[in-house]
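The first chain written gets the first letter, and so on, giving A, B, C and D; residue counts start at 1 in each chain.
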Amino acid sequence: MSINPFNHPANEIFSVPVRVSRESRPDMTIVSVNGVEIGGTEVVVIAGPCAVESSEQLYETARAVKNGGARILRGGAFKPRSSPYNFQGLGEEGLKMLSDISRETGLPVVTEVMDTRQVETVYKYADMMQVGSRNMHNYPLLKEVGMLRKPVLLKRGMMATIAEFLLAAEYILNQGNEQVVLCERGIRTFENSTRNTLDLSAVPMLKRLCHLPVIVDPSHGTGLRWMVPSMAKAAVAAGADGLIMEVHHKPEEALCDGQQSLYPDEFAQLMTDLKKIALAVSREISLPQPFDK
Amino acid sequence: MSINPFNHPANEIFSVPVRVSRESRPDMTIVSVNGVEIGGTEVVVIAGPCAVESSEQLYETARAVKNGGARILRGGAFKPRSSPYNFQGLGEEGLKMLSDISRETGLPVVTEVMDTRQVETVYKYADMMQVGSRNMHNYPLLKEVGMLRKPVLLKRGMMATIAEFLLAAEYILNQGNEQVVLCERGIRTFENSTRNTLDLSAVPMLKRLCHLPVIVDPSHGTGLRWMVPSMAKAAVAAGADGLIMEVHHKPEEALCDGQQSLYPDEFAQLMTDLKKIALAVSREISLPQPFDK
Amino acid sequence: MSINPFNHPANEIFSVPVRVSRESRPDMTIVSVNGVEIGGTEVVVIAGPCAVESSEQLYETARAVKNGGARILRGGAFKPRSSPYNFQGLGEEGLKMLSDISRETGLPVVTEVMDTRQVETVYKYADMMQVGSRNMHNYPLLKEVGMLRKPVLLKRGMMATIAEFLLAAEYILNQGNEQVVLCERGIRTFENSTRNTLDLSAVPMLKRLCHLPVIVDPSHGTGLRWMVPSMAKAAVAAGADGLIMEVHHKPEEALCDGQQSLYPDEFAQLMTDLKKIALAVSREISLPQPFDK
Amino acid sequence: MSINPFNHPANEIFSVPVRVSRESRPDMTIVSVNGVEIGGTEVVVIAGPCAVESSEQLYETARAVKNGGARILRGGAFKPRSSPYNFQGLGEEGLKMLSDISRETGLPVVTEVMDTRQVETVYKYADMMQVGSRNMHNYPLLKEVGMLRKPVLLKRGMMATIAEFLLAAEYILNQGNEQVVLCERGIRTFENSTRNTLDLSAVPMLKRLCHLPVIVDPSHGTGLRWMVPSMAKAAVAAGADGLIMEVHHKPEEALCDGQQSLYPDEFAQLMTDLKKIALAVSREISLPQPFDK
């Protein structure tokens, strides 16, 4: 009843590259970020501001997320911004602040690296290096972080297929660095009521195909503060090994992405709610370890 | 004719049509399908085969889903198929089977109506009329079901924005029928490892904007049997008022969508798991009420 | 180097259904709309208002497009509108106006049919029946127009793949009606500076795979009056057998889609420009046949 | 910092950044690539292999495209490949070959730069530096090429909106380099019969909004050799200032993208056809200037 007139470029056999493939090794990888293990029973929450703006901002926010139960601090020093006229980040000064606050709070830090020339510097200050969505296809950068021995947080490109995402991770593993965490952060679709469309089906798909831990970013995935809790809960229910969320001590004053940043008290409430979901799927979220009483 | 409840991150002045708008009425709507209430505390599960194929198939599957805890039976008698050479459904004969099995099992039935000329017939046999994804923009059909007094399950078009989805519901309410349940069932994106991309952010978005119950279809949303449980759990965690899932007593023999239909034992296990998630978000899933012991 | 862990739902072998397939017949189909042939050497231009609003509006616009060189008049009497509160068309009254103006001007008319119950009525008044983008997946409607012996203008669904578009045409041919013209009218993508993304690669693709004529709608494809001429020229260069464009004698007063409707003088200028492109690809556009001097 | 030249149908207040905005300067920019002017009356054709593979391959292909009428030679020495196991390019050795062949043939060369650390090297050998689709969001790279005084070919990201594309160009101009050519090369959509969806409406849109020349890449835009001529013609009809196309002297032996590369004789025929389209839109394509007789 049908005729197939030519070979199509699109209908490739979907295949999982060998080093990230779950078939290539018996166990799931656990990534250790200065002692915090991602990929085990615990659902690990990474939280902090979009961008490092000042010592005070970073300190206040770090204290709040630690008190809420976060295990790792996030914050950008080099920011990829669509417009050259937007705040571009504090650069190395911001990295120093992150490192200082990490020592004070005991929280390991993850921060983005955008340029092969920055890798050495970021390596020096951070506990985990983030390759952002806009750089998932930046192969020289992937190779560079692959040559180091420090965990990498690799975010899915906003228009990358699952197949391409796995290939990007393969670039890193192929250089010898196997400490890679994958992060679903929303893809670009026709829908415009949310900033991106958070593709939670990526969580079970990636965990079936590969052995790396998978976390979810509901802040960029939705772009809407009030929606973050619902999607964070859904991500944990779908099997995510962790979450990365934007929190700011004063979102309305944030230099970047304030409209998607949680207030500290919203974050604390969300952590309580997430704990229940984690238990319902036989996972754990550690109790808050108050930094100061 | 419309209300703009808040500023949207999307650039548009996003406005919610008046009859579906949450601002237009104090309480959320509860839709009663022959006594089964959707939109209350209970998370209502609708299950059954993609298509009605035979009395035996329907009976076996209905028994299985009832034993697992489903509250409503689904099954298609008129099937919208991409190819004219695929099985098109049993038509009115299938409707009669649905009606018979409904009486035997006590499960209300929902089934799709594709043509304005079929509405009267489907109305006669079904407890709830489904307008499928391919017909969400079929305005004459929306008006027709809007003139009746029987619940409607309205599925989101696979490329419909949230704004268009709400307008489609408005067509129904505008004719006087307010018993409408909205269903997210996956949207079409560039990603091709899943059949569609299940947009779970639609759940909190729709529940914020409108007063109608919102359910999720993880079967069409993923197209993959093994992925249905993860996404079903995520949907409940995101706040869905219910789920609609494909179950077949022998999926490998199904005439339609066998690869996304759960086996009865998988369905029963999933219901147990969903109950835990429901409790974690302060909802309930009713205990299975075994049909036969 | 790679592993293929499971069969994928997405990677089907792309196949062209048999009745529309170019391999199934030696020659390309020519569709005759009351004597105007689409699919031959001539590039046929269909023009007119989005909606029939009044006798005067229709007459003025019809005269203008005929004077500009259009061969067929378009105009909607039944309008599929996203909102129930927008102008829904004049219905049968509009069909009568179309039929009257057709007699006066000698232009055959094409108009949309949205409902299986309207098919008989539209058949009576129109020379060509249009199945619109929102109804490309409306299989009962496709079957209904397939049972008649009158040309059909089938518009691509705004989210339909080429494969699905061909299957929709197959539904019509499978009922015995082979007088089908395919129309690319823009698909839905993430890009939002245009109303849709006009996929001109659909023209060579469809013409390679199937024997039916292919035309392009740059009005809906762009949503922007000023952009229509560029894309109309591009469509002819890409090999389109015709164009369908919105023209209104007073676009700023149009009840529907005024912002994408050409002014009569713009249309006349465009026809002159299109004639040059047509010649450059060894096609023709007939000289204007002035209706009144 | 920005100008809003007209109201957009898209919901956003679409604003064009100041340095690329057409309102910011009276005339359109002409970019001179070692004497070949892009943005004037002539439609400039850039052609050559996807990747530089060997001196012989490059020489044979360069000769063929020059004989066909190409004005600039393309060829990649650093290749961004989805898989780490695919051919990654010859690196600096490839750049030397390009430079040598450029001298022999008199064709200026354009080649891709992927890494900020390579910019100086590529600058030394190339007449024009290409920032590829995967790097359109690579802001450090944009800044780096912005600080040099050599023309840049900036390809649209496969998921970048027009607004983001203009902002990426603004990054380059903001550093002082105004010799930028924009290139539409296909966007990612749900359609999978072509490699990408060539968005030709980007041509009139970009030319209306900004003063930079706009060219089109029908090779990557379609991924299909047989479709390249149709879309090349459409691009010129839509108003493109040039084309960039892949040609290989033996496509079936190509290490990269052979299925979308034209044979030399197809390219020569296409150039003849393009000349007719160019004339029809009051543009020119220079006669072939045979390299050898």
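In the analysis below, a residue touches a chain if its C-beta (ideal position, glycine included) is under 8 Å from a C-beta of that chain, and two chains touch if they have at least 3 such contacts.
None of the values given here were measured: they were computed from a predicted structure.
Visitor: If you tally contacting C-beta pairs, which comes out ahead, A-C or C-D? Let me know.
Guide: C-D
Visitor: Compare the CA centroid of chain D with every other chain's and tell me the farthest one.
Guide: B
Visitor: In whole angstrom, how far does the Cα centroid of chain A sit from the Cα centroid of chain C?
Guide: Taking the mean C-alpha position of each chain, the two centres sit 46 Å apart.
Visitor: When the C-alpha atoms of chain C and chain D are each averaged to a single point, how far apart are the two points in Å?
Guide: 33
Visitor: Give the residues of chain B that touch two or more other chains, as numbers and ranges in rising order.
Guide: Residues 10-12, 14, 85, 159, 188-190, 192-194.
Visitor: What does chain C use to touch chain B in their complex?
Guide: Contacts found on chain C: 8-11, 17, 80-85, 114-118, 134-135, 137-141, 143, 158-159, 164, 167, 170-171, 174, 188, 192.
Visitor: Taking the touch rule as given, give the residues of chain C at its contact with chain D in the complex, in rising order.
Guide: 1, 14, 159, 161-163, 187, 189-195, 197-201, 203-205, 208, 221-224, 226-227, 230-231, 233-239, 259, 273, 276-277, 279-281
Visitor: Can you check the complex and tell me which residues of chain B touch chain D?
Guide: Touch residues, chain B against chain D: 10-14, 159, 188-190, 192.
Visitor: Could you list, by residue number, the parts of chain C that touch chain A in their complex?
Guide: 1-5, 8, 10-18, 21-24, 188-190, 192, 208-209
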